[in-house]
Every structure is written in C-alpha cells, then in structure tokens.
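So, here's a batch of structures to check.
What follows is chain A paired twice: with chain B in the first complex and chain C in the second.
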Partner chain A sequence: MIRRLLIFVTLLLTAAIFARLALNYTEHTQLSKLATHYAGQGPAELGAPNLVTAVVVTYRGLDTLGEVTVLFISAAGVGLMLRRRQQVAVEAEDKKPSSEIVVTAAQLLLPMVFLFGVYVFVNGHLSPGGGFQGGAIIAAGSLLLLLTLPGAELRQRLIAVTESLSGFGYVVIGVLGVILAGGFLDNRIMSLGTYGTLFSAGAIPIIYTLVGLKVGAELSAVLGRFRDTGEQ
Partner chain B sequence: MTGLPLSLFALTTGLALILIGLFGMLTQKHIIRMIIGFSLMDTGVHLVMVAIGYVTGGTAPIINDAVPAADAVARVVDPVPSALVLTAIVIGLGVTAVMLAFAIRIYRAKKTLNIDACSESRW
Partner chain C sequence: MGELIGSGIILLGSVFLFSAGLGVLRMPDAYNRIQTGTKATTLGTMLVLLGLAVLHPAWTWKLLILMFFVLLTNPVSSHALARAAHRIHTPEADETVVDQLEEEEQKAAAAAREDSA
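This part shows the complex of A and B:
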C-alpha cells in the first residue's frame, strides 16, 4: 500500500514538473547562436549538405566516437553475458526448416538489403541517413538471415575483424586530423572536393563508412548472440 | 499563425510517454514489461528533444535545391538536437540489448521473469 502511494506521489510530482515545462513552452522562432553558425558556415566550412551529419561526424565528432564506444561496450557485454557454454550445437535441436517461399525470398532480398544499407551510409553527407542508420539496415538484413535460415551461422570471426578494423580506422582518421588539419576528427585532412557530389566533404564519407560497417557488425553480433541463446 | 505551436504537440506527447514509461517501470513486476517501460521513456525523451529543436516553419537541415545555402539559417530547424537524438537512439538500443541479456540471465538462474524472485538485492 505504502509502495503504491509512493509511486503515485512520484508520478504526480513528475507530472507537475512536466506540466510547468509544457505550459511555459514557447516555440523558437530563430536558431540559437551555435546552430546559426552550423547552418550558415557548415556547408562552406565542411562541404557537407546534410547539417546533421556535419554536426555528428565533425563538429561533435568526439561525442560520436564515445557513442560508438558505448555501443561496442554494450555489444561486448551482451556477448559476455550470453556466452555459450561449450558448443551446445544449435542445429542439434531439430528446428523446422523455413518454407521454400520464405527461403527464396530471403535469398533474393538479402543482397539488396545489404546494398541499400551501404547506399545509406555512403550517402550520409548528402541525404538523410548515415553510418548508424545504414548499419541498422545491415543488421536488419542479418536478422532476416537468422530468422529465415535457422541453421545459418554468422561468421563471428569476420564480424570481429570488421568491427575492430573499422573502429581502429576511425581513431586513426581522428588522429590524422590533429596532424594534417585543425584538430581531432577534422574532416579537412583531404580536399573537400566538388560540393554535393559523392566524393566530397573530406573525410566524412570515409568516417561514416567505417561507422556503418562497425555498427552493422556489432548489431549483427548482438542479434546472433540472442538467437544462439535459445536453449536454456 | 495563431493557435498552439506545432512542436507543443510533439513535446506533450513526449512528456506523456515519459510518464507512461516511468509508471510502467515502477509498477510492473515482469522484467520484460519493465524493459518496455524503459523503451517508452526513451522514445519520449527523444520526442521532447526533437520538439525543442523545432523552429517555427523550419524544415530538415539538409541543404539542397529546396533549401539553398544562402537562406539556410532562416529556414532550417536546429541540427544539434537532431544529432543528439541520433546519439541517444543508438545508446538506448545498446542499453536495451544489455537489459534483455540480463533478463535472459535472470531467467536462466531463477526460471522466472518476475522481479520478486530477485529478493536478495531488496532493501
């Protein structure tokens, strides 16, 4: 009883704070000073039409490196907690194979899903999308694979190598920024290229490709872990 | 333009989702339901952040034919909250994955997903 009362009071007080917030809310009519700089100077400074990408990859690049690290740690944590005791063969328990239609459709769709993921992260500096979104699409492809072909094994080694190399490459590019350009993760370590084309905006497409590969590999590994832990 | 601002609706929805998520996390006994509560709260926070970054009449912060670079400052929404939400979504995903892994471990150890089974950490 006292527990319920406490929960009720907590929710009521939180709701009161939120009500004040919502009632005093006034919509912005112009950008803040910082955002004005990003929107006004960003395209000329970094050569990236997508301002969100410019903020994520370059202006706040260090935050993104931290984010990638958090994702890595959580993937490692899941791997550690769901470690398989010996090789309890998953295929030993006879799973019902998927129907012909599902398998064929998956085989047809998988390359396209992966290609679309690559497209999204390669064009991250031009259009909506980027490394995290593209990586999530690739992981969705892996999920399709795991669901339709119960016997399929993700190649854990390949995933681990992709993940490590892309994470390493990301940091190397960041350090190159300190040596060749204005600071850590500065994208101007190479020429900005023609504005609005695929090979432009300096190192942003390279960084986003690495992030996309890393996120795709990590999320696929997490999904694989959850699948393989089916038996108790 | 008269009436309530557009982003107020997103803000209110986000705040309501946070409250619903908090309620779920505090009252539910089933671990998966608690995780769902967390996810709801997470989504609510994202909505609130995006709503705060909205500028009246603004559009997506991508410079193209529709939004020429010259008047970008006057026409786009704040890109910083969008970038922060992108970060927050990924981290929320990582946290959810770890929580689900914990749920699996608890189920293996206790053979139930009821939080009352984990009484050793109770105050």
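This part shows the complex of A and C:
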C-alpha cells in the first residue's frame, strides 16, 4: 500500500517537474546572435559545408581538445587498472575456435569496416560524421577482430605510437593556427580550396583525420586490454 | 509510376519484416526465433532498400553496398548466435526432430575416442 502511494507521489512530482518545463517552453523563432553568426558566416569563413564540424573543430576547437584529453585519460585509467594480469596469457587453446563461416565473413568485413571508418572521418567537413564517429567505427572493427579471432593480438605498441603521434600532431596544428592564422586551431593555415570538395576547408580534414586515428586507437586499446584481462 | 512500384516493393518488404516480428513472438524456442529473425529480416530489409533505389535512382550504389552488407552480416551473425546457443545447451522445443550439429559433434567425439583407444 505504502509502496504504491510512494510510486504515485513520485510520478506526480516527476510530472510536476516536466509540466513546468513544458508550460514555460516557447519555441525559438530565430537563431541567437552567436548562432546567426555561425550559420551566416561559417561556410564563408571556414569553407566547410558541415556546420557542426566547423563549430566543433574550429570555433570550439579548444573544447574538442578537452574532450580528446578526457578520452585519453579514461583510456590511460583503464590501462592502469587492468594492468595486473599482463603475463598470464596461456589461454586460447582450450577454447573452441570460431566456425569457418564466422572467420571468413570477418576477414571479408574487417577491411570494409576500417575503410568506412576512414571514410567517415575524412569526409567529416562535408557530411555528417567526423573524427569521433569514425574512430568509434574503427574501434568496432577491432572489436569484431577480437571477438571472431580469439587468437588475434592487437599490437599495443603500434596503437600507442599512433595515438601519441596523432595527439601530438593535433596540438601542433593548433599552435600553427596561433602562429599563421587567427588563433588556436584556426583552420585557415592552409588555403580553403573549392567549397564542397574533399580537399577543402583548410586544416579541418587533417585535424579530423588525426582525431579519428587517436580515438580509434584509444578505444581499440581499451577493448584489447579488457579482452586480455577478462580471460581467466 | 516509378513511385508506385517503389512504394509497392517497400510495402512488400515491410510485410516480411512484420512477419519476422510475429515469428519472434510466436516461435517455440530460441533456434526457431533466430531463424525467423534472420531469413525474413534479410529479405525484408533488402526489399525496402530495393524500393528506395527505385524511388531515388541516385542512391542506387550506396543502397547496393548496404544490401551487400545486410546480406553478409545478417546470416553470419545469426549463425554465430545459434552456435553459441547450442554450445551452452539452450533447450530445444519438444517438437524438434533432428539436430545435426549434435550428431556431428558426437561423431567427432567418438572418432577421437577411437583414435586414443
């Protein structure tokens, strides 16, 4: 009885909260001043048809650097916590291998998944997607590899080098923006090219390629570490 | 006319998708459910994509790639699921008549025993 009453009261309170939100809601009929600037000047200033990318990579580039850092710290934290069982890699022999069908399909699919990930981050300034999404797709490819071929090993050192170099390159491009153009991560250190083509929008494709490599490498490393410590 | 044909193909595809959903609810055990959830959704999805290709001829190549992807991944993933279910001895429906994977594994086990003997 009391339980029912409590549920009822909770529902009422929740409804009250959302009712206030819904009643006070007035639709924006026009963009805010900042958004008007982004929408009006963005394509002309930065040469990127995908406005979201323009905002994420250049106008708000410093925030993106922060996000990449957060991801890096969490990956490093996972590595630190799951360190313990590094050497105990006997396993894998008593496990039944994946069936032939699964192995063949995975070998067919893997290159396509990686290619699609690259496509997504290389075209980040033209179409929906970008570094983080492409990196996540690449990590999904690594997960497919780890799941279907239990004997496979990720080359942790190669992954670590890729990740460090791309993170370093990202910051270098940011600093180049300060020196050569208007500020940190300004994409106009290179010519903007023809609007709407692959090689355009200044440094945005390069930045997003680096971000994509970094995110893909980080997430793959996390997955690999989970796999290595999960085998007990 | 093209619009009508495309919409018809999409409708046909959604009929298959609906029957897949119905099958997942109605079938007696895990293996049968996996089976309906694979065959019917593969055909249904491909028909929907085909209908879209008729509606928007400019998208044809991308949709073809999607179709290839569905055609490759859907059966393989359900194959892996069914094998995993079989390996942890998920119970079969009472009406099950034949289990060839079980027979094969027993044959292999018997051969291994003979070898060692």
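One rule holds for everything that comes next: the second predicted complex is superposed on the first by the 205 of 232 C-alpha atoms of A that agree within 3 Å, B and C clash if a C-alpha of one lies under 4 Å from a C-alpha of the other, contacts with A are read in each partner's own complex, and residues count from 1 in each chain.
Basically, a residue touches a chain if its C-beta (ideal position, glycine included) is under 8 Å from a C-beta of that chain, and two chains touch if they have at least 3 such contacts.
Please read these numbers as outputs of a predicted model, since none were measured by experiment.
By the document's definition of touching, of the two partners only chain B reaches A:51; chain C does not.
A count of residues in chain A touched by chain B and by chain C gives the higher number to B.
In the superposed model, A:26 lies in contact with chain B only, and not with chain C. In the superposition on chain A, A:193 makes contact with neither chain B nor chain C. Applying the stated contact rule after C-alpha superposition, one finds that A:102 touches chain C and leaves chain B untouched.
Look at A:127: by the touch rule set out above, it reaches chain B but stays clear of chain C. In the superposition on chain A, A:150 contacts neither chain B nor chain C. No residue of chain A lies at the contact with chain B in one complex and also at the contact with chain C in the other. Touching chain C in their complex are the following residues of chain A: 96, 98-99, 101-102, 105, 108-109, 112. Here chain C touches chain A in the complex through residues 69, 72-73, 76, 79-80, 83, 87, going by the rule given at the top.
Contact residues on chain B toward chain A in their complex (touch as defined above): 5-8, 11-12, 15, 18-19, 22-23, 26-27, 54-56, 60-64, 69, 72-74, 76, 78-80, 82-83, 86-87, 89-91, 93-95, 97-98, 100-102, 104-105, 107-108. Chain contact summary for the complex, chain A toward chain B: residues 7, 10-11, 14-15, 18, 21-22, 25-32, 34-36, 38-40, 43-44, 49-52, 54-56, 60, 63-64, 67, 70-71, 73-75, 77-78, 81-82, 127-128, 130, 132, 215, 219, 222, 225-226, 229, 232.
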